[in-house]
Amino acid sequence: MFSLTSFGESHGPAVGGVVDGMPAGVKIDMEQLHHEMARRRPGQGDGISSSRGEADEVEILSGIMNGVTLGTPIGFIVRNHDQRPEDYDHLKNVYRPSHADFTYQAKYGIRDWRGGGRASARETVARVVAGVLAKQALSQVGITIKAQAQPVDCEPMLGDTTGGVVNCIISGVEPGVGEPVFGRLSAQLAEAMMSIPAAKGFEIGLGFDFVNHRGSEVLDGWVMKDGKISTTTNFSGGIQGGISNGNDICLNVAFKPVATLMQPVDGIDSDGNKVTIEPRGRHDSCVVPRAVPVVEAMAAIVVLDNVLMARASRL
Amino acid sequence: MFSLTSFGESHGPAVGGVVDGMPAGVKIDMEQLHHEMARRRPGQGDGISSSRGEADEVEILSGIMNGVTLGTPIGFIVRNHDQRPEDYDHLKNVYRPSHADFTYQAKYGIRDWRGGGRASARETVARVVAGVLAKQALSQVGITIKAQAQPVDCEPMLGDTTGGVVNCIISGVEPGVGEPVFGRLSAQLAEAMMSIPAAKGFEIGLGFDFVNHRGSEVLDGWVMKDGKISTTTNFSGGIQGGISNGNDICLNVAFKPVATLMQPVDGIDSDGNKVTIEPRGRHDSCVVPRAVPVVEAMAAIVVLDNVLMARASRL
Amino acid sequence: MFSLTSFGESHGPAVGGVVDGMPAGVKIDMEQLHHEMARRRPGQGDGISSSRGEADEVEILSGIMNGVTLGTPIGFIVRNHDQRPEDYDHLKNVYRPSHADFTYQAKYGIRDWRGGGRASARETVARVVAGVLAKQALSQVGITIKAQAQPVDCEPMLGDTTGGVVNCIISGVEPGVGEPVFGRLSAQLAEAMMSIPAAKGFEIGLGFDFVNHRGSEVLDGWVMKDGKISTTTNFSGGIQGGISNGNDICLNVAFKPVATLMQPVDGIDSDGNKVTIEPRGRHDSCVVPRAVPVVEAMAAIVVLDNVLMARASRL
Amino acid sequence: MFSLTSFGESHGPAVGGVVDGMPAGVKIDMEQLHHEMARRRPGQGDGISSSRGEADEVEILSGIMNGVTLGTPIGFIVRNHDQRPEDYDHLKNVYRPSHADFTYQAKYGIRDWRGGGRASARETVARVVAGVLAKQALSQVGITIKAQAQPVDCEPMLGDTTGGVVNCIISGVEPGVGEPVFGRLSAQLAEAMMSIPAAKGFEIGLGFDFVNHRGSEVLDGWVMKDGKISTTTNFSGGIQGGISNGNDICLNVAFKPVATLMQPVDGIDSDGNKVTIEPRGRHDSCVVPRAVPVVEAMAAIVVLDNVLMARASRL
């Protein structure tokens, strides 16, 4: 129902997208949009920004009139101002380690090598825009989303990088939202989070730690609270059988360390020759702080979609 | 392209499904189908079967003629022979802890309370059937899938249960399979795995352990192997930027302990009264061994779908 | 939201399907199901039945408990009792004129030649079952669907056949149902109708006759009726800009004459040799009367889907 | 596989879209793009342009590098230069006859009243852009698409309008493209054409004229031509059982007369009061010539999608 179609290469003219299924009649707070865009900008982690001085001005092209949503598709673009394609000429035929250069080439037979092209994390701009819209719709039905990075050592190491875990809590989802079997709410959230660049793991509730417990230790018992059936604990993370139970939905996402190091690394060219790639520009040593608003955005997109779909499941 | 639509309540007449997009001309080995169905049956873990003496005979209703696929939809059913609905009358208005009774009721306003109804793990029968079909198609292009349970203490505890982790290795996928951005192969696998009953975590490659390493320690360097570009290590788990790089795709799935204990547990009825649920019948104390063929099946479904889609991405 | 996945070859074990998205809590009238199945059976047009003595007993396998829908997928099968595959051995390598034998072979490289296989109109059994379910849900919100064949000469000609037009009126759809632009309600209805075997034309409202009128002659003026805005005429056929306006939705579907004649016709074999195909068994000379319940079924499926989706478009 | 997501209100900042699934490595001829955009512009029919002096410059924002497609999403926008929203203030609370004003209001509870907003035919700009891309991919596999308006009296009547029929021929599609049953190629084409503004009828091959013939008169007999199995006639319009047979695919689309007349017409306001709407600006009296490139575009989108999907149906 609610969905984002996105486009854009890192060093092309613009990134952007189309949001379909935004409910009509929602007043949009552009301040929050700017705020979330700022949270996503490089340099959030350690005071060291990446080389791009991104302006990230969002231009809304449709679907909103006088600040209120029309229910029609919301098209938007963010121009890529700081394009220096020539900075990347040395990477034209080179596959960097743990980047998507080789796999894009294998899939398409062609690729935009400038700054990662379509594989750049710059595409998350579109996710954040859609996420802000979703959040504002969700706030009308009392749903809030809050992510934060788990403490991680983000000290600027001598040219090295770290990964980390982001946890996210979705509050206010009433019982009965989600789908059982294939489209489980937990499965949809997993797909959404694992679609974020550098995401390598996902868990809900106790997640992998369930393995360390007996069943009797991790049952979520029932209790009446304010006249509603609720649980005494929340090991399940707010979802049972793929459907929300009214408690907070709690999830974690693991991100690998940024693959672009500020030290020489070995690559390979398309002919199979080893090449040494020298560091250029400045890059975040830890991407996790910037991932926080993206995790929130993806959560908001999935939850709004399911909240809307829940309305279509009964006559 | 390749997809499964499934149906069936645990104690209704049958479970089954429809497989769409099965390539034409594949010879089906019914022996393997029976073998995989046997792997999924209760009692794989500890010699203690659940109460159902499932026969699990798969009846293929369409899409295969003289043992060869036609390319048309493959409909199939597995009858539920051991139906004793009266065994479940005491659960009619009761929500068991950490089960989907309450959430189904919240979503639909009605539910089949017999043996978990649609929320029963019995629906995985359909996944295994579709998975066998997918595996047989994949074997024609040299792709194999092998899952196994990580060692876990499955000793029959006095009425208690355990969870565990299943790891899965997908071999033989050529570089260039998958989608970037939203439909990443890793994200599709995450959704597929998290749709399995009791799945609570997913990771690919190093997964959550990436957090414990610097970027410089976990780069997958390039090397020429048999005239092909390959990696010296496989921290990424065979996928970069959402697209396969030709290496083994390695993933883990965490399952929570079975929520049905062989000891009295507290539930709540629909009026909010506490009730004690006495154990009945026999149930697996550890579901993980049975989950192994289901993990393989879901992997096969996702990978075949992506292998077929990859053929549609270039003219 | 509401969808049908179907399967089945004409002379395989069974045809059937899975209905997803059926609203929960709808009481199902099995009598109506049997009645509609009877309307679809061969021999409705002219007292001359086709060669198949179809029993068409629908077996519901899931999704309905004690006669009430659960909201979960409804699986169903109809066995093919009258299978005489040997009757079709002479067609194994033959392409009949204006049938799908050649195109299936071109697409799949293999086909079930017995009675048309998957291309047989027997697959419409599944549509009628899904349509009855949809109708019963729609009747709860006051929507009714009524199709009829336009008068056509269905006299049994000496081995020849006729086509015809079915018109269909959908009443009771409130204003605001449907999608603009790509998923227009009119476009969805067109796709649904053109997916029926032998359908070759579709029109809504005045349809092709709009060409014979000036704009000033065919504007649907507005009027207040029972306190509601309504139109004085209904040239548009109840849909404007892809969205219902509250009036009857009126459409026509054109069907070509049945391609199976009761006289010798020329075919070609897979080697390119001309062959003469002698008539066998008995076949309907006019398929249009049997198409009437199928048109109603497809209309019901599309309209219910859109009625449910309409609930998901506003918060 | 190949799809267009579009956005844009007639008098908002821009219209545009995202094309997903464009095959990589296709050289794009921007001249053809400009040419097709010019064909779609107002004033093609009778020398009388509509009031908008549209520039219609297409800005490609992604997915194409150095004139060659990357396989990634192609985002594009066309700015709406000639915005005079105040021209439409008198229509703010008025529903024009046979327009979508009322139905949009019913669906969304809000609408952009300026020049039809989202319901304006201006959205077809996005279709034409996507269609040109599709055509250029199709030309690489020898498929051409040619539509033309059937002769119709487009003389500028005293403030009145006419409709008409566009026929379209798709040549070069090899046998075996399309889907049987629900996604028939004919059904997909019907949906695509009926999604064009003002489209009210669709037919393929003989279409509605099939009703006037006996089956024996309209069988497409088989013949060997250049070593290939082909048909002697093409009553079926190139599609049998939903799948291409290698012949030209021939279809017709009926368009109703433009609903905006250059004479006073009666409307109704949101309170139910009758209002007279005076004509303003200039509008096409016959939309059919402008619809020709849109019909071609929709045909190209559907056919390319199916050509690509056909590659995914066999291993």
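In order of appearance the chains are A, B, C and D, and numbering begins at 1 in each one.
One rule holds in what follows: contacts are C-beta pairs under 8 Å (C-beta built on N, C-alpha and C of every residue); 3 or more make two chains touch, one makes a residue touch a chain.
Because the structure is predicted, anything quoted here is derived from the model rather than measured.
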item	value
Winner on C-beta contact pairs when A-C is weighed against A-D	A-D
Centroid comparison with chain C (C-alpha atoms), farthest chain	A
Chain centre separation in whole Å, for chain D relative to chain C (CA means)	26
Chain centre separation (chain A, chain C; CA means) in Å	43
Distance from chain D to chain A - Cα centre to Cα centre, in angstrom	35
For chain A, residues contacting two or more additional chains	6, 24-25, 71-72, 107-109, 118, 180, 313-314
Arrangement of touching chains [line / ring / star / complete / other]	complete
Contact set on chain A toward chain D in their complex	5-9, 12-18, 20, 24-25, 59-63, 65, 68-75, 77, 107-112, 117-118
Sites on chain A touched by chain B in the complex	4, 6, 95, 97-100, 102-104, 106-109, 118-119, 123, 152, 157, 159-165, 174-178, 180-184, 186-195, 197, 199-208, 210-211, 213-216, 218-224, 229, 231, 235-237, 239-246, 254-259, 261, 263, 265-268, 272, 274, 310, 313-314
Complex contact set, residues of chain A against chain C	1, 21, 23-26, 71-72, 137, 140-141, 180, 308-309, 311-315
